[in-house]
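Two complexes, one shared chain (subunit A), two partners (subunit B, subunit C).
Entry: the complex of A and B
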């Protein structure tokens, strides 16, 4: 049988050429390698981070010669000794760690009812409103949001002006620890709600109805049904919030005004103020280590599905 | 919802507080940008558009905004093919060491941003590429790549393997199967992912701060550098640009794929 030339459209012929090309470049006997080829670009891109970590590791082993401002040629562990022994870094690390824990607890307390209402409400208009209210700040970026807080909380800001109208003297609401924590909670809320919502969707509403028809009040239903079943979501959200707030730069920098530095700010200062690249690299590597240990411990305790990267489907 | 009046009171109390926290900065920035005064006061001194006129004249702000757009475009253009291929490979095929590869591809999320940023600063510095815009585009792509892969894998799970087999049975060669069956099936994921990538790259601050120099600042860095103790309304007006971009992105996301996909349980 011969095909009629007219009945064979041009696009098909073009596709045929591409098919033949594809088959020549990647014959079907290579079929099993195909998924690896598809993964290759992503692996290479993320490889940049690995290269970066190697560079950081290399820098962390060299000290700064203060007379020539050159990095030393030979490797030493002096930077690690300094990072672990100097009191300033311990203060900063303690401040960041405690801040991260407080922020996580407060964020989860607020995110949980938000996600619950968003998932359970019968009104699709309310659900959409809650989603938009969540995505808008998420998409605006940290700097602009922190700037908004400056306008609200600054010395001549809205809160102080409003207080002034009723005769209360201006208060210093910014550049202190609570202001930084507050800004971080606001920054973290969308992340936490978006991690919690799928976990709450997975809990059938009938379970709650069953509990209440058996006589459990809503507080007991929450404690014994909803919270335990939402644990994977809570753990995932908690992990994301802890690591992101522990390592945040913009909020402590803008709302802390230099007096409330977190680890990231200390690292930045080592690179760009003191120009001690070695010490900065050391601090970065220690922070990466702390973060990885945190993630690793949570993965080991609760399983690696916690971050829900679409992996447990298969 | 099951439950009593007290339950809804408690839940609403938390939700209203959260809503206030979430929206206050946005609303205040919007309001401040329309002030007629030279500093931001409360109550406002009247309405005017003069600060929008002022930022339209400021070439440094305009250039910074264009740089941010370029960075976001580079980031999105790279992430679409890379993330789509990786996402399809992870969800459709049985890959050896899949677990290890997944953990490896999650590195951008598990390595703190300051670590990733400093690392790439050193790498690009070694290459002598600092101060250009393409490294910033690549860097923002790397740190947000898991979002793209996640979006694609999430929608690839809707694709039944039978469909591709049926197409093959009808004589469709591999490339056609990919273009006409697989790709349309994951398209919602690609749209979601690329919108996320674009808007996150547009807003990216820390990695930009580390990779740019004085001649190549992006808009978030420019705003950060201009924040002083006295708060002037021109920054509010330029911030509204970000709010507008975020609004457009949300509207597009809702229109094209629906915001509800973020509530789906796995």
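Entry: the complex of A and C
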């Protein structure tokens, strides 16, 4: 007996105690309910979101009385009519959608080689460097980073000073559409790389060797093998980047300087500047609708399996 | 240019020539000064344990790695500066590397598309090669709808459809179960003979090497140990490594006491045993430490009083273990006169139904020409 006590480590005995405790608190007949219980927090969180959405839906159907600053009692579609007919909102929506698409395309083009190099490099030092460089921006908040760009791109900023040294007069690099897009691309790049890397890891390097032994140079190996097999990753990364840029607030606000508002900025203005909760809620719902339709269309075109969900593709 | 063409003419019969090729990764010599010539149409197997450098050698021939020293010639032309996609080499990879997003036919068509053949030729050739690997009618299947053996066949068809100068096989059979593997070995052999394509196969499976090849190169520690025809490799191993790696071999350690011609007398624990010098082995002189190698199936086992007529070396021993393997019985026999050495003996005699049990006294006998003596 003493022998077996010695062979039985302390940590195992501690775990035994825990297991006995767990058995007392949660008898094995309840075991089958455990997975559902673990699902509960997520269900509660999503439920709260739905509740909020109902609240917003309610507000969107009431107009603001500008004399009393009270919401109307009766339901009306006036807010929707305003949102869809006023030229200002069409401009903002167009700018956001166009911006999201341009940012997505540029981000994917930049992210692909980065992710590819990170996955395929034989040097673990380079891989670590690329990973750290990727995660570093996450430690710096989006707002702080946008202010950083103000310092770099401002009229007296580093770029203009450097240009001044070679005799180029100061240029206005901020508060325009390209500046916003630039800031967004820089912000989205890590997300896209992180979504692409697993998809590229899933492509065996042997396939590329095989393609080259079968007569394909690297351009055609890329076109016929890597690109089609990376499609799930590209679609997933594209979706994330499109939705994040479409709904972004800080970058258009700071780098656009109020002249390049995206939908989120317009919503903010309605809620906190004009205090028109109804119109703000309407714009929010429309944004959710546009985003959902976009995701829905992508899923219909490529299948939900593109996000590596389900195993229709082995 | 004139020189090149005469060179080509002279080298016409040699498909691949490897000259003093070495490969160093960091401070590891994966391949050391390997040299061999492979005539056109031959099936060569490079056999060796993992880490012996056989795959590195194959990858250098394919062009995925460049040798750090030496040169490889294909059809008489040096190929160091030629990237893989410009070498006309078909390769079947260890994990097959079939393209999962294409059908079987699209996989086979890939090398032809890359060579810009027209659609009609591609269609015809794909069909012909799928037919050749007995997959007619399976062209439309996706890769994951095919069984392991069928995937093997698609990979072979894809590697051959563009009529490459050379076919490389990088242990593609390693993952298959034994029955399918043996079936595919014969299939490789059949297809290779049918097309007459020069083939280099890499494997650690000695049986595969013996079954499929015209020539076998045995590698160990990055060095070529022996290059010979399978029968020669098996019957006259060049050194103890080869003798041990192929087949089941007993080693009896001792000292050379006398040599005359190819006959060697080995003194082991006071016993004199006669053997022969290894055909391609290191030279022996009296007094050198050596070991005599006898294959398990070349030792006859008989009861203690039996004669064992005609066998030159006879020792007495005691059965330590007997293992029934179906078509043969494997004995482990302790031999006191050889210092208690345990010899392994195969008995393939299906007629007598005789089996010795543990503890039984037996006699072992073998011929002098079946004991190969290697320098230690």
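The rule is simple: the second predicted complex is superposed on the first by the 273 of 314 C-alpha atoms of A that agree within 3 Å, B and C clash if a C-alpha of one lies under 4 Å from a C-alpha of the other, contacts with A are read in each partner's own complex, and residues count from 1 in each chain.
Here is the rule we go by: a residue touches a chain if its C-beta (ideal position, glycine included) is under 8 Å from a C-beta of that chain, and two chains touch if they have at least 3 such contacts.
It should be emphasised that the depicted structure is a prediction, and the values quoted were computed from it without experimental measurement.
> For the three-chain arrangement built by superposition, which of subunit B and subunit C touches the greater number of subunit A residues?
Larger number of subunit A residues touched: B.
> Which holds for A:143: it touches subunit B only (first), subunit C only (second), both, or neither?
A:143 sits against subunit B, while subunit C stays out of touch.
> With both complexes overlaid on chain A, does A:209 touch subunit B (first), subunit C (second), both or neither?
Both partners, subunit B and subunit C.
> Where does A:229 make contact in the superposed view: on subunit B (first), on subunit C (second), on both, or on neither?
So A:229 only meets subunit C here.
> Just subunit B (first), just subunit C (second), both, or neither: which does A:73 touch?
A:73 sits against neither subunit B nor subunit C.
> Applying the touch criterion given at the start, work out whether A:220 contacts subunit B, subunit C, both or neither, answering first, second, both or neither.
second
> Could you pull out which residues of subunit A sit against subunit B in one structure and against subunit C in the other?
209, 212, 217, 313-314
> Show me the residue ranges of subunit A that touch subunit B in the complex, using the header's touch definition.
15, 18-19, 22-23, 28, 34-36, 38-39, 41-43, 45-46, 48-53, 55-56, 59, 109-114, 116-122, 127-128, 130-137, 139-152, 154, 156-158, 161-162, 185-186, 189-190, 194, 197-199, 201-202, 205, 208-209, 212, 217-218, 221, 243, 246-247, 249-250, 253-254, 263-264, 267-268, 271, 280-281, 284-285, 287-288, 291-292, 295, 304, 307-314
> Quick one: in the complex, what on subunit A touches subunit C?
Touch residues, subunit A against subunit C: 204, 206-207, 209-217, 220, 224-225, 228-229, 313-314.
> State the interface residues of subunit B toward subunit A in the complex, per the touch definition above.
Listed in rising order, the residues of subunit B that touch subunit A are 1-4, 6-7, 10-12, 14-15, 17-19, 21-26, 28-29, 32, 39-43, 78, 81-83, 85-95, 98-99, 101-116, 118-123, 126, 138-139, 141-142, 145-146, 149-150, 153-154, 157, 173-176, 199-200, 202-206, 209-210, 220, 223-224, 227, 231, 235-236, 239, 242-243, 245-247, 249-250, 253-254, 259-260, 262-266.
> Would you mind writing out the residues of subunit C in touch with subunit A in their complex?
Subunit C residues touching subunit A: 62-64, 83-87, 89-91, 93-95, 97-101, 110-111, 114-115, 144, 158-159, 162.
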